[in-house]
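Note that subunit A is present in both complexes that follow, paired respectively with subunit B and with subunit C.
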Partner chain A sequence: MKDSLLKLLIKGFLKRKISLVGLVIFLFFIFCGIFGSYLTPYDPYKTKFSNRYELPNNKNLFGTDWAGRDVLSRVLVGAGITLKISILALCIGSVIGGILGIIIGFMKNSLLKMLIIQINDILLTFPFLVLAILISALLGSSLNNAIIAIGISRIPRYVRIFSLVVNSEKNKNYVISAISIGASNMRILFYHILPNILPIFLVNTVLFFALTIIAEATLSFIGIGAQPPLPSWGLMIRQASENMLVYPFGVIPPSIAILLVVLSANLMSDGLREFMDPKLR
Partner chain B sequence: MYNLIDISSLHVDFHLEESIVPAINGIDLAVKREKILGIVGESGCGKSVLALSIMGLIPSPGKITNGKILFNHNNSEIDLTKIDSNSQLMRNIRGNKISMIFQEPMTSLNPVFNIGDQIIETIRLHQKVNYSVSKQRTLKILNEVGFPDPATRIFDYPHQLSGGMLQRVMIAMALVCKPLLLIADEPTTALDVTIQAQVLKLMNEIKLRFKTTIIFITHDLGVIAKMADEVAIMYVGKIVEHAPVNEIFSNPKHPYTIGLLQSMPTLNRQRNKPLSTIKGNVPNPGEIKSGCNFYPRCPKVMSRCKKEEPLLLNSSKNQKVSCFLYN
Partner chain C sequence: MQFLPGDPVHYLLRGYEAEGQVEALRKEFNLDKPLFTQYYIWITGLLKGNLGFSIFYQQEISGIFIPRFIATIELITLSLILSVILGIPLGIISAVKVGSFEDGLIAIISLIGVSVPVFVFGVILQIIFCIYLDILPTIGRVSFFEDIFDSIKHLILPVLSISLGLLPYVIRNVRSEMLEVIKTDYIRTAWAKGLSPFKVYYKHALRNSLVGTLAVIGINFGMLLGGSVVTELVFQWPGLGTLFIQALMSHDYQLIQILVLVYALLFTLVNFIVDLIYIIIDPRITFEG
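Up next, the complex of A and B:
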């Protein structure tokens, strides 16, 4: 009999236990992202120079950094920043880029379509980071502008991928038969084609998710992303890596946090794929 | 009784970068109500393009450049070539008044939706009924097309069903809104012989039960003999002979029809005798610049055939043929 979508989603996750682990880690990350600033044992911005470079101990579970700040508190607050970066950049990059891409892909061949694709190809020749740096330099340096820049600079890639995917999908037999039962263009695009390309969207978005966190760290490093003393994970790694010879442990907590989040997103996407492909259910 | 579909001097051209390919080159065809019209021809002679042009589904870069396709219903005539193919009017006709069955049932259903939902979608696109009513109708139609145990299998996915079952689903989907015209574009080509027989039997039953007019496209003359009331033989974008089915088989006129019938293997044929064939290949549309399209392959070619194009004219009361041998 017919299962509800929610039931199928749960089934997909239960079938792959490892995805369930990913889901739990990811939910924990989101929880920390939202409530992190209430859970911190210490003020993440309060420096204490008598307490620098402490290894993990009873008072500071993750130790302290070069300014004597509690690393656990900073990682927890950093989760919120990372969550904000990834959600906003994904909204700008994946969602806008994806929607633009599928609409352009669905357009009939015309001069306009060719023009859009050519312009998009020109944008694609800029390396991702160069484009992001260019845009955030134009917007001015702040975390929000960095996020917007990361999102926008990902749009050309999405447009490219999804215009091609939809272009090949729209000539498939199931689309023609959907037209033949009288479905409208919008219905065909968003009801018939979209579920078929969602797995591709998902894989790209998870890859982009990891890239976003790393790109933010890079932008922070050259001074146009998050500004110190904001505890962004990327910024924390950069600062800790400067003092690595004195205090090698410093890079580990934020690195593991990034690793776990990216890994959990990947694991989760496997479970979602299981849910989206009827052949795997 | 007037005709359901009247096609007159239809031209469909494919505008390629280097040339224009006339896939359909002046077709006049009447489809009679509640009859099965068989359209026969070799691959690449425009059968499917003809079907798609009735549905308004000609793939780009194809275009209807001339002619009319009149669709008569409720005592009014609609010219299907004049309607924008994305308009509300055309969408109301598709799947509701005219529906189509495709060659490959395995790829013609959306792989991510179950079959029940796809049939229900068809109903709800055209009729204002709620989900449970349309589900009931879906179960009923699946039952009528001989889908086994629809109550438990209605929400199966396409990959869980065999080709024959999927073709039944496609037929159910095409019939669920009780269309006036059903276009079947080689519905049995992708199926094995036993399933073919079942599907053909089903389509004959459908014609009687639903009073549906059917255009049946195939290259299998055996199927045509069993199914059709009338037959139109197509060759390179044109109809060369159009007659009732028994006339075609007992008294074929056009040399191409005769050639097709002779190439059909029969069981009581002499074993050591080679199978007869029509020499040569189907030319590309537009390749033959003047005269009859068939003259390079015709055994009875005359000098006139190379210069003039024959017209499709009555050779007897209800048999039309386009050949200089007869008119």
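Up next, the complex of A and C:
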């Protein structure tokens, strides 16, 4: 089962060249995220005020920022930070939200279930970014709190999606026949339903990955995410925008880094969606 | 809400606190009472139309709130209108000329649009229009009634950068809906009647593809609200977003509560209006469902 799913996935990716491009960019990002801090040509935190605001040249490929720090090194280390954030926030948001949603969807119809869904719907009325900004500020400005905030504010949507999906899956014939041959709830859930909703989970997770990066950059830009001197991409844009009268180029490298990573996730999710849709296979 | 580490009273006194002053102020703002009591006082006040008291600004919230609210509504409404006005024709063009150069270009632009945080648009627009071209003001807002041209000048960049965030979703949706609608029989009939392409696409086909697009706008309105918070910060727009961040930084509980409530209400309200518009554009939809 798993093998054929993987094969289909690869096939879907190969069919759409553009998703393959997304995958390549994504893998490159992960590589930079893991090994970025060993590849930096200069120390990303070392300030050198004698060469501030250097445009890209042979020594500093992406130029230097307001404190004379090498921007290429900072972008590379920033990739590591972004990778860490996205993995942790995904763990909080999609794993907790997904599990909660599956459990709620699998529950029998009762007053309790209705109550949980109602509360969840109330939480859904708060816009994602507003909720993330709020929770992050409540917890105090730091990178870890921003991660928790982004993860938590994504939970309601996951609960919503998965409770609906599992609910509709539950009444399908294959589950009913599994019940009729006496399969236990656990077996139905893990062996029958879970493989069927895995593609939906994947697409949502990839999309959430894109949203996480945007949200983290936004929080850091506002000043309630990563704190200086951490080279988070959002924070780098913030600092560059403060100095844009002198050195407007500084905004470009971190913006392009964000653009590429989020773009790769969007391209991949397009490919995944194609693979999910049996009509297009 | 009150899990916030830190105390608004400390922000108010800014280190110049005298003995007993902290306690007196806490008492004045009911901060010494249990949480449930505070919540009860807040919610009963709200029902009476009393929005509460901002500790940071030292005045009634209703006084600060209304001009800020108008500024944000102005920004959001115009961005929404702009992204719809731009998104529908662009979506139709890429659906009609599917696979063409225009279609590819629009697809690339909308992919980039989804992949960049809204504030990046803001900053880049500022750099292009305010520093290099030097034709538009960088920050701030001027009221319509003071100077209409100046007001529009201040509006262009923030509105543009917010609507760029929503635009890709509108384009993508109009495109995919149009692709399906164009194949239907009634469109073929419209062609057979000899109608002009404009009439076929914009009058006959568009109406049927609008339902899904409206739903997309409703869902993504939350994103637009979130984007407006940051964009307001970039352009120093005196709206709810800058107020929200200011309130969060100064731990102004009552103000934060009101603002979060307003954001949720706006989101709900827009989705409600979207539901109402469904009935106008598609007579098959009724509330009885």
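By our rule, the second predicted complex is superposed on the first by the 243 of 281 C-alpha atoms of A that agree within 3 Å, B and C clash if a C-alpha of one lies under 4 Å from a C-alpha of the other, contacts with A are read in each partner's own complex, and residues count from 1 in each chain.
Keep in mind that, in the parts below, a contact is a pair of C-beta atoms (placed from the backbone, for glycine too) under 8 Å apart; a residue touches a chain by one contact, two chains touch by 3 or more.
Computed from a prediction, not measured in an experiment: that's the story for all the values here.
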item: Which superposed partner A:S255 touches (first subunit B, second subunit C, both, neither); value: second
item: Partner contacting more residues of subunit A (subunit B vs subunit C); value: C
item: Which of subunit B and subunit C A:I224 touches, first, second, both or neither; value: second
item: Partner chain in contact with A:M244 - subunit B first, subunit C second, else both or neither; value: second
item: Partner chain in contact with A:S184 - subunit B first, subunit C second, else both or neither; value: first
item: Footprint overlap on subunit A, comparing subunit B with subunit C; value: none
item: Residues of subunit A defined as touching subunit C within the complex; value: 125-130, 132-134, 137-140, 210, 214, 217-218, 221-222, 224, 234, 237, 240-241, 244-245, 248, 251, 255, 258-259, 262-263, 266-267
item: Contact set on subunit C toward subunit A in their complex; value: 1, 3-5, 111-112, 114-120, 123-124, 126-127, 131-132, 221-223, 225-227, 229-230, 233-234, 244-245, 248-249, 256, 260, 263-264, 267-268
item: Footprint of subunit A on subunit B - complex, ascending; value: 55, 57, 59-61, 86, 91-96, 99-100, 102, 104, 107-114, 116, 121-122, 125-126, 152, 154-155, 157, 159, 170, 173
item: Contacting residues of subunit A [partner subunit B, same complex]; value: 1-2, 108-109, 171-174, 176-185, 192, 195-196, 276-279
